[in-house]
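The following blocks contain the structures, represented as structure tokens.
The same chain A turns up in both complexes below, where it pairs with chain B and then with chain C.
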Partner chain A sequence: MSDLRPLLRTCGPYLLTALLLCALPFYLDAFWLRIGLFSMAAAIGAVGLGLLSGTAGQLSLGHAFFLAVGAYGYVWLAGEPGPGLPPALAVVLAVLLAGAAGGLFSPVAGRVKGVYLGVATLALVFLGHHVLLTADSVTGGFNGRSVPPLELGGFTFAESDPELTVLGVPFGGEERLWYLGLALFALTWFTARGLLRGRPGRALVALRDSETAASVMGVHVARYRSAAFVLSSMYAGLAGVLLALSFRRVVPDYFSLALSVDYLAMIVIGGLGSVAGATAGAVFVTALPLLMTRYADQLPLVAAPGSGGGSIGPTEASRYLYGAAIVVILLYAPDGLHGLARRTRARLRRRPPVTGPPGTGPSPGPAGATTTDTSDTTARAKEHTP
Partner chain B sequence: MTGFLDSLFNGLALGSVYALIALGFVTIFKASGVLSFTHGSLLLLGGYLVAVLHDDLGFAGALAVAVLVTAAVAGVLDRLVLQRVGGSDPHAAHIQTIVTIGIDIVLVTDLARRIGGDLLPLGDPWGDAVTDLGPVTVADSRVAAILVSAVAIGGAFALFRFTPWGLSLRAAAEDREAAALMGVRLTRVRTVAWCLAGGLAALAAVFLVAFPAPGLERTTGQIALKAFPAAILGGMTSPVGALVGSMLIGLTEAFVAGYQSDLHVLGEGFGDVAPYAVMVLVLLVRPAGLFAAKGAARV
Partner chain C sequence: MTTPAAAPPALDVRGVTVRFAGLLALDDVSFTVAPGTVHAVIGPNGAGKSTCFNVLSGLYRPAAGSVRLGAAELTRLAPHRIAALGVARTFQNIVTTQGTVADNLMLGRHALSHAGFAASALRLPRAVREQRAHLAKAREIAELTGLGAHFDSPVALLSYGDRKRVELARALCLEPRVLLLDEPVAGMNAAERVRMTEVVREIRAELGLSVVLVEHDMGLVMRLADEVTVLDFGRAIAHGTPDRVRRDPEVLRAYLGTTSGEDAA
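Moving on, here comes the complex of A and B:
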């Protein structure tokens, strides 16, 4: 019995979260499920970008391009015109295709660093957008293409075929895709964390902190940089596929520079170099405009969409909030939501139960606050990986 | 032949406007190591101020006010926001770069909301007039762009070369720590750099939206992004490099657009994205740009 306890302690939170997430489709309507779906897709992409920009320290503004490669890759491979492959195979190939696209860019990605790479990857977004608009036969041009539903062993992730009702809840497209998204997100979560905590993660962090020192320690600089880039584009490709499945139509204008900036904002708001942070940032950035639009009439200072004039619409309000969130978070918590959570947790844990039973809410005195602060910084300096 | 001369002239005019923006990028980068993504909104701000004020103040007055206000806004943003971000973090410049994206989102959202779907005229004196120069007909606005840019860029180079601030800037770019020990006030140097860059961006806005462009619209700021390849091509730390890079980018764009019918394989509107293709090709050969100084890395 006592052998099980540590296992339960590490797995318990995961199991609880997983159970909760699996139960949600029975209680939420399609609007919330769609928010969840987009958030999960964004989280997969953000984890990929976090690996590159947060852990390896390489600024990339080309993420939208790799999302597009994944999305369009799936649509073309599984659809007509196109080879019309089985959709499940098309998903795998689309992810590999995004990785290959990242690999093709690796002569640049492996050698160019920091802000230079950021600008170099700008090129990918603009060139990619141009290709999406002009290569009509593959991408459908300006109007885009509709996305064939995913099919796995006779089970279709769409409204019907087969009709499905579980515990009295009709399972439509959103409910089915929710579980697909959860599975893919779990895959992303565990692979990325495993990677970051293992040898490659350490090598990338060393590379970020000092290129020269890392190469002296035996880290192959160009190879690791390229590998991080390829891997991040594969995650982006997977996110692109999931996005395409949830949107049911892909259009070139979605995959613009603004989307790349969104992903950058996600990992920054969440906290660079952390998988959980990237996820939190993804949910924040994705859900904010959708919720703002939905509840525009109940918010102060925000006008309902289409009311025109000089008033602030929900889209604009969410852009203001989101731009300001980037600035404010970096100003006051440069390590993002993840760092904030970690510091709060550390502070709670370290508070000694001196007087009375726990739970009476001891007030943090100024002296106590300073000591916890200093010990926090030493703890942070040692631990870079999440 | 006329087509060639046309494209050449257009390219030079475009290049000189990009040079105004790229010089701003380089100045900021030299002073602070930050890549300014705020430039699109500063440019839009400059253009918007000219568009709003030219009825009351006349074009020249409006332009002067726009340049000064944009410079002041850039300086204030640097002093009050950017310099407070990051602290002693070794990656402070990176973090500040991302903060400029946040600032840009807020500013662009606000300006775009004010501009709406309109096309704002700037009331510039050259309008849609053209001049015949031998075999080619050129727009006066482009002649003005080349002349004004030449003067502004010459002025900026004189600032770099002959003023105490220019000396401080070059020292700071060389070695920040050593410069600080010699008594260079890094905070002041970088604030002035931001002001200069903001003023140049406002100036560039006027020529970007002049004839044959239709007027100021909410997306005008995005043109500033095309000066990124120009600055990167030059190596980011070299003003001369930025100048050469801008000309290269301007000429590429003009020639690809001019000979579009021969290049239809590449698709409609390839001229708009050709600068990025050139940049990737150059970075493949020289990962740090054409004019970057070789530096030794220390551990």
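Moving on, here comes the complex of A and C:
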């Protein structure tokens, strides 16, 4: 019996979070569920970019391109015109397609390092945008295409077919997609964590910190760089599919450079190299503009959408806000929300032993002072590793 | 710890020449590291010792010459292939990666493990088992090098000497047949030096590997090395046992600048 306790302690928080997330559709309306859906999709994409930029140290500005490949790949594969494949199969193929697109770019991604890769990937976004606008027969051109709903064994992730009411709550598209999003997000979380803690993750960290050390320790530099790129493209593809399903329509203008920059903002705000951080950043960057649009009339200095005039619209306002958030984070918590949370947790954990000794015998004088000093510095000591 | 089945093959350096845009960093350097010995490469600053190491580990490709490990030709191989053949090295300036000592040592196990992206992502039982086995091995090596107590601490919090040892332990995790140590005691205090010397002596006795050592600390070289090669301005000016090298007039000239040879070079 007592063997269960440590297991419960490690899995408990996850279980609780999962339960809470599963219960939400019964209480929230479609607006909030949509925010959640977009956040989950963004989180999947951000985790992918985090693996590439945070863990492997390779900057990518081409994330929007791979999101587009996933989204349009699904729409074309499952839709009409297109092969009209079963949607579930189309999801898998769209993710693989995004991975293949990343693979095609791997001769560049395997050789070019750090910020230079960022410049190289910039081209992808413009290329992709151009293709989306001009290849009408596949992408629907400027107006885009509507997204065929996902169907799994006779169950459709849309308003009806079959009609569904659970515990008195009618289950429409948002409610159903919410659970799909949760499942895909859980899959992302599980796989990304496994990667980071396993052999490939360590190799990528080593590549980021010192290419030389990694290579003399046996890491195939070019192969691991390309693999990180392909992997991040696949996560982007999956995010693209989920985004398409939640938007129900894909348009080229969404997949612009600004979207790539949004994803970079997510991982910077969340903290580079951490799955939880990427998730937190994704929720922040995604939810903020939507919330500001919704509550524009109650916010000072922000105009309601469409009201024109000289004031700032909610979308711009939220951009200013998260721009400011990035500056604040880089100045005061360079390791992002994730690092902030970790340090807070460490401080909370360290407090009990610090308050303990005074009870047994408060020792005034230099001895007491030095002990508290050292316990404070242990967390801060940081030496430069080239 | 698994001992290599047989004595490691000889490391044979023949006529290696490295040029950096006109500068001759290594000029026709040859030496042989006999199996299971400690071979020191010494010389004044800028003599080409680190360049020599970079050739051995595949980071530089020589303009001429060859490096062979037994029957295997190393000169044309990429660094990761050379690592896979059992050549591990440390760096003069410590190069560790982020994370704990365990993370760094596990990087040393990279070439010996196989879990790929898919297996790790899906946490297949095979990958989990492999990781556990290698972690146990890494812990063993940490104990051997005196890092056992720090196994789960972040490397960034360790002292200079301990971080130097992390590098050594990481190289040992590769289960090398040839270990290249680039100034293993540079910047250490006396106690740390003694400790490091002990560790190197111990691993050599226990694992039977060949060690190539670049070091400025002559005390350490004299105590550990079986054979010494002296480099000066990229040329090997002397070979032999530590005692012989110490009395070699060429070596004295290179180190102390005495004018025994009047040839203006």
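We take it that the second predicted complex is superposed on the first by the 352 of 386 C-alpha atoms of A that agree within 3 Å, B and C clash if a C-alpha of one lies under 4 Å from a C-alpha of the other, contacts with A are read in each partner's own complex, and residues count from 1 in each chain.
Everything below uses one rule, namely that a contact is a pair of C-beta atoms (placed from the backbone, for glycine too) under 8 Å apart; a residue touches a chain by one contact, two chains touch by 3 or more.
Fair warning: this is a prediction, and the values are worked out from it, not measured in the lab.
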Which of chain B and chain C A:Thr134 touches, first, second, both or neither: first
Contacts of A:Val216 with chain B and chain C, given as first, second, both or neither: both
Partner chain in contact with A:Arg347 - chain B first, chain C second, else both or neither: neither
Chain B versus chain C as contact partner of A:Leu122, first or second or both or neither: first
Between chain B and chain C, more extensive residue contact with chain A: B
Shared contact residues on chain A - chain B and chain C: 209-210, 212-213, 216
Residue ranges of chain C in contact with chain A within the complex: 57-59, 78-80, 82-84, 88-89, 91, 93-99, 103, 106-108, 110-111, 113, 115-117, 119-123, 127, 131, 155-157, 163, 170, 174
Complex contacts: residues of chain A adjacent to chain C: 190-192, 194-195, 197-203, 205-206, 208-210, 212-221, 227, 231, 378, 381-383, 385-386
Interface residues, chain A side, partner chain B - complex: 57, 59, 107-108, 111-116, 118-120, 122-123, 126-127, 129-131, 133-135, 209-213, 216, 257, 261, 264-265, 268, 310, 312, 316, 319-320, 322-327, 330-331, 334
Complex contacts: residues of chain B adjacent to chain A: 29, 35, 81, 84-87, 89-91, 94-95, 97-99, 101-106, 109-110, 113-114, 222, 225, 228-229, 231-232, 236, 266-270, 272-273, 276-277, 279-280, 283-284, 287-289, 297-299
